[in-house]
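Paired with chain B in one complex and with chain C in the other, chain A is shared by the two complexes that follow.
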Partner chain A sequence: MTFAQGAFGLAGLLLLLGGLSGLLLPTTARRFLTNLLTAIGAGAACVGAIRVFTSNEPLSIVANNVLPFGQAVFEIDELSAFFMLVIGVVAIPAAIYAVGYTKHGLSSRTTQAMFPVFVLSMLLVVSAASMATFLICWELMAITSLVLVVTEHRHRDARSAGIWYAAMTHFGFLAILVGFAILSMHAPLDTFGVIGESSLTITPWLRSLAFLLFFVGFASKAGAVPFHVWLPRAHAEAPSHVSALMSGAMVKMGIYGIVRVCWDLMGLGSRWWYMVILAVGIVSAIFGILHAMASHDLKRLLAYSTSENIGLILIALGAAGIYKVGKSDALAAFAVAAALLHVLNHAVFKGLLFLSAGSVLFATHNRNLDQLGGLAKRMPFTMLTFAIGAMAISAIPPLNGFASEWLMLQSLFQGIPSDSAYRNVLFPLALGAMALAGGLVAATFVKALGTGFLALPRSESAAEATEVGGFMKIGQLLLAITCVVLGFGASFLSGLLTRTVASLRGLYDIEPINHHHAWMQLPGSSTRLSTLVIGAVLIGAVILTIVVLRLLRSPAKARVAPTWACGRELQTPRMEYTSTSYAEPLRRVFANVLRPDSDISVDRRNESQYFVQSVHYYLDLRDVIERRFYTPLLTFARKWGELGRQLQNGSIHRYLAYIMVALLCVLVIAR
Partner chain B sequence: MSISGIALALSQAALLLALSPFVIGVIRQVRARAEGRQGAGIRQPWRDIRKLLRKERIRPVYASWIFHAAPMVLFITSIVVATIIPSITTRSAANGSADFLAVVFLLLAGTIFLALAGLDAGSAFGGMGSSREMTIAALAEPTLLLAILAVSARAQTSGLGEIVKAGIDHPSMLIAPASLLALGALAIVTLAENGRIPVDNPATHLELTMVHEAMTLEHSGRDLALIELASYMRLVFYLTLIANLFVPWGVATTLSPAAIGIGIVALLGKLVVLAAVLSMVEVLLAKLRLFRIPELLAGSFVLSFLAVTVSSFLA
Partner chain C sequence: MLRTGKVAEAPIAPADVASPPQAKSFRGSVQLRHVDAGSCNGCEIELGTCFSPVYDGERYGVRLVASPRHADGLVVTGVVTEHMATALEKTLEATPEPRIVIALGDCAMNCGEFRDAYAVRGAVSDVVPVDVAVPGCPPEPEAIIAALRKVTQR
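== the complex of A and B ==
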């Protein structure tokens, strides 16, 4: 048994052991042991994944008689190993965090036991190499995450989130199943390699149909608009460490599916396929961030922001496909590398943001940004980690978000100007969308950080918050350090990305990013970036400024004084901006997209028209796609369901008549 | 990353730092004379900075560490951008490590921290300025990126030094339709991002007309000095970009002392001319209503989008 095989075996064993300990042990022991076993198991999987990169041996495990049909085939190549690293980098801190987070009311046996099984199922999905194995592991991942989402099933919102999530994930599963059925029609239930070879003989329009089905299924798991409606509900209602893992790792399984199946397995398709991916990416990016901007629930904001980042990744993948069709292989590899780096970076900073939001929720029991505030003094550590996450997601140099944002923007830049008219119009649109999304992300996270943490607390729950305990701090600290390290050392990841991209079909032997130690250089261009140098210069500038100010003898001690308010003495939280008011200008600008429903009614006193007694303000910002598309669809389905219910009226004579008619039909048809 | 390259980068930064208050002084002086006033002289902004550096620092009682960190972040990101932008030479060392995307995101970093500091004091003014500033910054981002992309088509790279050099080598590209459209878009973005009329009034202290001033209301002493210096430098960055991307003659492409001297003189001349033009624009236009600003920015986005598509079809 090789080292890698041993590492993966150990990982699987530890995760299963964690699940068992979650079922069997008493409460406190359960909390510690299950989550620590999860962390160590995920760590072992990461070690195995790194080993796959450093050695050159692809890994393959075939197990007979495990599955009801066919063998269970697992194959771990560079792409699987990369996604295992993505899963591990979120799972380890989330598991450590969970030791502290699940202290009050979240440590039931089911919740604790499902967590390691969820991590295991995701690791299995990225290593599955046959149709049956993949589908079964996918369903396992869906079920374990569903159980975790409805942890707080006593709340109506959590139950409703569970139902939406269950319905949409199975809708996606159905699409993927039919897609596989079409693709593997000459080689049913076989391994990916054989399916890939045999699918080259299928008629083009059937391949396109399979691609659309796969894309719909995987995009719904990834949370791309318009299949994203489960995401804000599920990620908001799940416990925060589960939300971190779902947003950081599980939606990336959708991206893994698109890269593995639609690129690696199916090979090159028509250009319109990739234009569809690009278009969905653009719509997801803009729609997601607008709803995040308009949201006052902290975890819904983060969930919609995940949708936006998935949109950015899809834009890069679509651009890669368009480049490949246009025979620019180097640019295609570069775009895929950019998308993969953003997959990793997003997992890190979104995990960090969710864990920090979880700490806020743990301390204040309140997710509503309009009622938070004043946490900078009461929870300084959480505020610092949330600030690092917010800076990373806004793509501020030298943190990790900047490196992947730079790569994605460059991958689009390099394609203009070109000979293809499609590219010349589509890519500037995509660039404009990415830039707008970038600006809106900055505004959204200034809102979240500013109204959630700064100034005075707006409610009693925020005024009585205390900083969280040790394990939760360690989880947040790990991810914060990872953000900074991946930011400064972004160019050192080029080797990893090169190996991963080079394993994909059609991109073998291409070096997407030339790297010389601390610099990333684009192939065929003189553009270079070094986040390390930028970071070093920033630090140098800080030191220089402090020294010069000291030399100029500028007074450094600050006198504390009340906030200037035009002579008014009292300062209350009512005078601060809330998150809803902060977002109002952008809500007004984008009213046609968000379509808010608002109403103001003013009660005046009887004595005089000019004295106001009370003002009622109503604002409805439900997701437009949910309101205009899903709700009518569900109403339609319910109407037909109720019609069908009339067939079942309880009369046994009618049921006997049904049986006779069915029997007659079978006798006639099967004659 | 040679010694001369690093020295050039640092001297570019120092020069821009020293020049920016004078450029603001020119803007204010031209405006004063146009309005029939005496004006305070072009050295007044430096006198203001010197005065502020000697004053006491005050912190609002409910503010956190962000309040003191924001001016520092704003200032150091401005200094780093000053090393990257090709003001006197295209051969700065920074061109090997950062391009205009780094410039855009560094400037955004400063804006973000200033907006956070506006929320930190817990006053309504700060929240209002912060909210409006982030709205304008978010809507101006796509225009800025696409406008510079349109201009970068002539050099096939996003490094600012190379784009300026390509302008010197192929002057016919400077009057191409793409270039002129990009100039229009960049001009509007300059006014929006730096809070000049018609987007914001830098001389006002009324809440109806404040965006940038509202966020910085609570700062004093060296914090306010750093914020003011940084905002002067940011305006000069945009003016330098417009000058060197569209009228690049005079920028040093070699490292000889003569070329650098010509570069400095050319920069001074271009900045004075642009400052006077900006000042006359401010005198002649009135400030837009706040909710008309997104329309203006949308128009500038259309200009920059046209610039990019035209550059690929006509170039």
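== the complex of A and C ==
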């Protein structure tokens, strides 16, 4: 048994053991042991993944008699190993965090036991290498995450979130299933390699149909608009460590599916495939961030922001496909590398943001930004980690978001002066969308950090908050350190990205990013970036400024005084900006996209029309796609369901007649 | 204009009193925040005229600013009413040191004709320490500028 096989075997064993301990042990032991076993198991999987990169052996495991439809085939190549690292980098801190987070009321056997099984199912999905294995592991991942989402099933919102999630994940599963059925027409239920080879003989329009089905299925798991409606609900209602894992790792399984199936397996397709990916990416980016900007629920804001980042990743993948069709292989490899780096970075900073939001929720029991505030003094550590996550997601150098956003933008810029009309029109559009999304992300997170943490507390729940305990702090700290390290050391990841991209079909033997010490150089141009140098310069400039100011300052001591409030005597938190008011200008500007529904009604006194008794303000910001598309669809389906009820009226005679008619039809057809 | 040549008002001489001790640290540039503690607005009109093109107080280094945080001192008009007493104290507290308080007009100096009214706390010196006082009801713009020139020493 090689080292890598041993590491993966150990990971599987530890995660299963974690699941068992979650079922069998008493409450406190359960909390500690299950989550720590999950962390160590995920760590073992990461070690195995790194081993796959350092040695040159992709490994495969074939197990007979495990699955009903043939063998279970697992094969871990560089792409699988990369995604295992993505899963591990979120799972380890989330598991450590869960030890503290599940203290009050979330430590039921089901919740604790499902968590390691969820991590295991995601690791299995990225290593599955045959159709049956992939589908069964996919469904396992969906079911375990569903159970985790409805942890707080006593709340109506959590139940509703669970139903939406269940319906949409199975709709996606159906699409993927039919896609696989079409793709493996000539080699049913076989391994990926064989399916890939045999699929080259299928007619082009069937291949396109398969691509569309795969894309719909994987995009709905990834949370791309318009299949994203489950994401804000599920990620908001799930416990925070589960949200972190779902937003950080599970939506990336959709991206993994697109890269593995639509790129690696199916090979090169028509140009319009990748234009569809690009278009969906643009729409997701803009729509997602606008709803995040308008949201006053902290976790919904983060969930919509996930949708936006998935949009950015899809833009880069679409651009890669368009490059490949236009025979610019080096640029295609570069765009894929940029997308994969953003996958990793997004997992890290989104995980960090969700864990910090979870700490806020744990301390205040309140997700509503309009009622939070004043947490800077009460929860300084959480505010620091949230600030690091917010700066990372806004792509502020030298943190990790900057490197991957820069690479994605560069991958679009490099292809623009070109002979292809498609590139010249689409890529500037995509660049504009990315720039707009980038600006709105900064505004959104200024809102989240400012109204959530600064100023005075706007409610009792925020005023009574205290800093969270040790395990939760360790989880947040791990991810914050990872953000900083991945930011400063972004150029050192080039080797990892090169190995991963080089394992994809059609991109073998291409070095997407030239790596020279601390500098990343783009192929075929003189553009370079070194986040290490930028970081060092920034830190040096800050230190220099502090030193110079201290030297120039007058010897008088500084005096601490209350904030100037125009001499008001009565100063209440009610006078502060709320997150809804902060977002109002953008809500007005983008009203055509958000379509808010608002109403003001004023009640006046009976005695005189000039005296106001009360004012009611109503604002409805429900997702417009849900309102205009899904709700009518569900109403339509319900109506037809109720019509169908008339066929089943309880009369035995009618049922016997149905059976006879069916029998006659079968006899006629099968003659 | 070619016959008469340029004609302007004669510059106003500084007042015949000693400069306040803070004038040295201001070094000729004084930002002032105006506070109306309860006046009839007569002093405000005269103060506004001081910064008009005719009298142009800004050429002597004085400027009116919007926030006490930006100011070197306060210029207070009117008698201090009960309603504005706390606000005046808070405004002075918000002004960084070294700071100066100028009481403008008879009401600010000694309550003027509103002494013993029911809503009056007292003169400005009863609420905050006063460094410069400009008498008059209302004081002439020349008198105000003469006092300000002593503060800026320009």
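The rule we apply is simple: the second predicted complex is superposed on the first by the 661 of 671 C-alpha atoms of A that agree within 3 Å, B and C clash if a C-alpha of one lies under 4 Å from a C-alpha of the other, contacts with A are read in each partner's own complex, and residues count from 1 in each chain.
Here, contacts are C-beta pairs under 8 Å (C-beta built on N, C-alpha and C of every residue); 3 or more make two chains touch, one makes a residue touch a chain.
This is a predicted model, so every value here is computed, not measured.
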item: Fit-or-clash call for chain B and chain C when the two complexes are aligned on chain A; value: fit
item: Chain B versus chain C as contact partner of A:E569, first or second or both or neither; value: second
item: Partner chain in contact with A:C665 - chain B first, chain C second, else both or neither; value: neither
item: Partner chain(s) touched by A:P417 [first = chain B, second = chain C, both, neither]; value: first
item: Partner chain in contact with A:A376 - chain B first, chain C second, else both or neither; value: first
item: Broader residue contact with chain A after superposition on the shared chain, chain B or chain C; value: B
item: Which of chain B and chain C A:A29 touches, first, second, both or neither; value: neither
item: Partner chain(s) touched by A:I163 [first = chain B, second = chain C, both, neither]; value: neither
item: Partner chain in contact with A:L436 - chain B first, chain C second, else both or neither; value: first
item: Shortest CA-CA distance between chain B and chain C [superposed frame, angstrom]; value: 6
item: Set of chain A residues, in rising order, touched by both chain B and chain C; value: 556, 559, 561, 564
item: List of chain C residues in touch with chain A within their complex; value: 67-69, 86-88, 90-91, 93-94, 96-97
item: Residue ranges of chain A in contact with chain C within the complex; value: 556, 559, 561, 564, 567-569
item: Touch list for chain A against partner chain B, complex; value: 374, 376-377, 383, 387, 391, 394-397, 402, 405-406, 409-410, 413, 416-418, 421, 424-425, 428-429, 431-433, 435-436, 438-440, 442-443, 445-447, 449-451, 453-456, 519, 525-530, 533-534, 537-538, 541-542, 544-545, 549, 552, 554-565, 571, 573, 575-577, 581-586, 588-589
item: In the complex with chain A, residue positions of chain B that touch it; value: 53-66, 68, 72, 75-77, 79-80, 83, 94, 96-99, 101-102, 105-106, 108-109, 111-112, 115-116, 119-124, 126-128, 130-132, 134-135, 137-142, 144-146, 149, 152-153, 156-159, 162, 217-218, 221-222, 225-226, 290-291, 294, 301, 305, 308-309, 311-313, 315
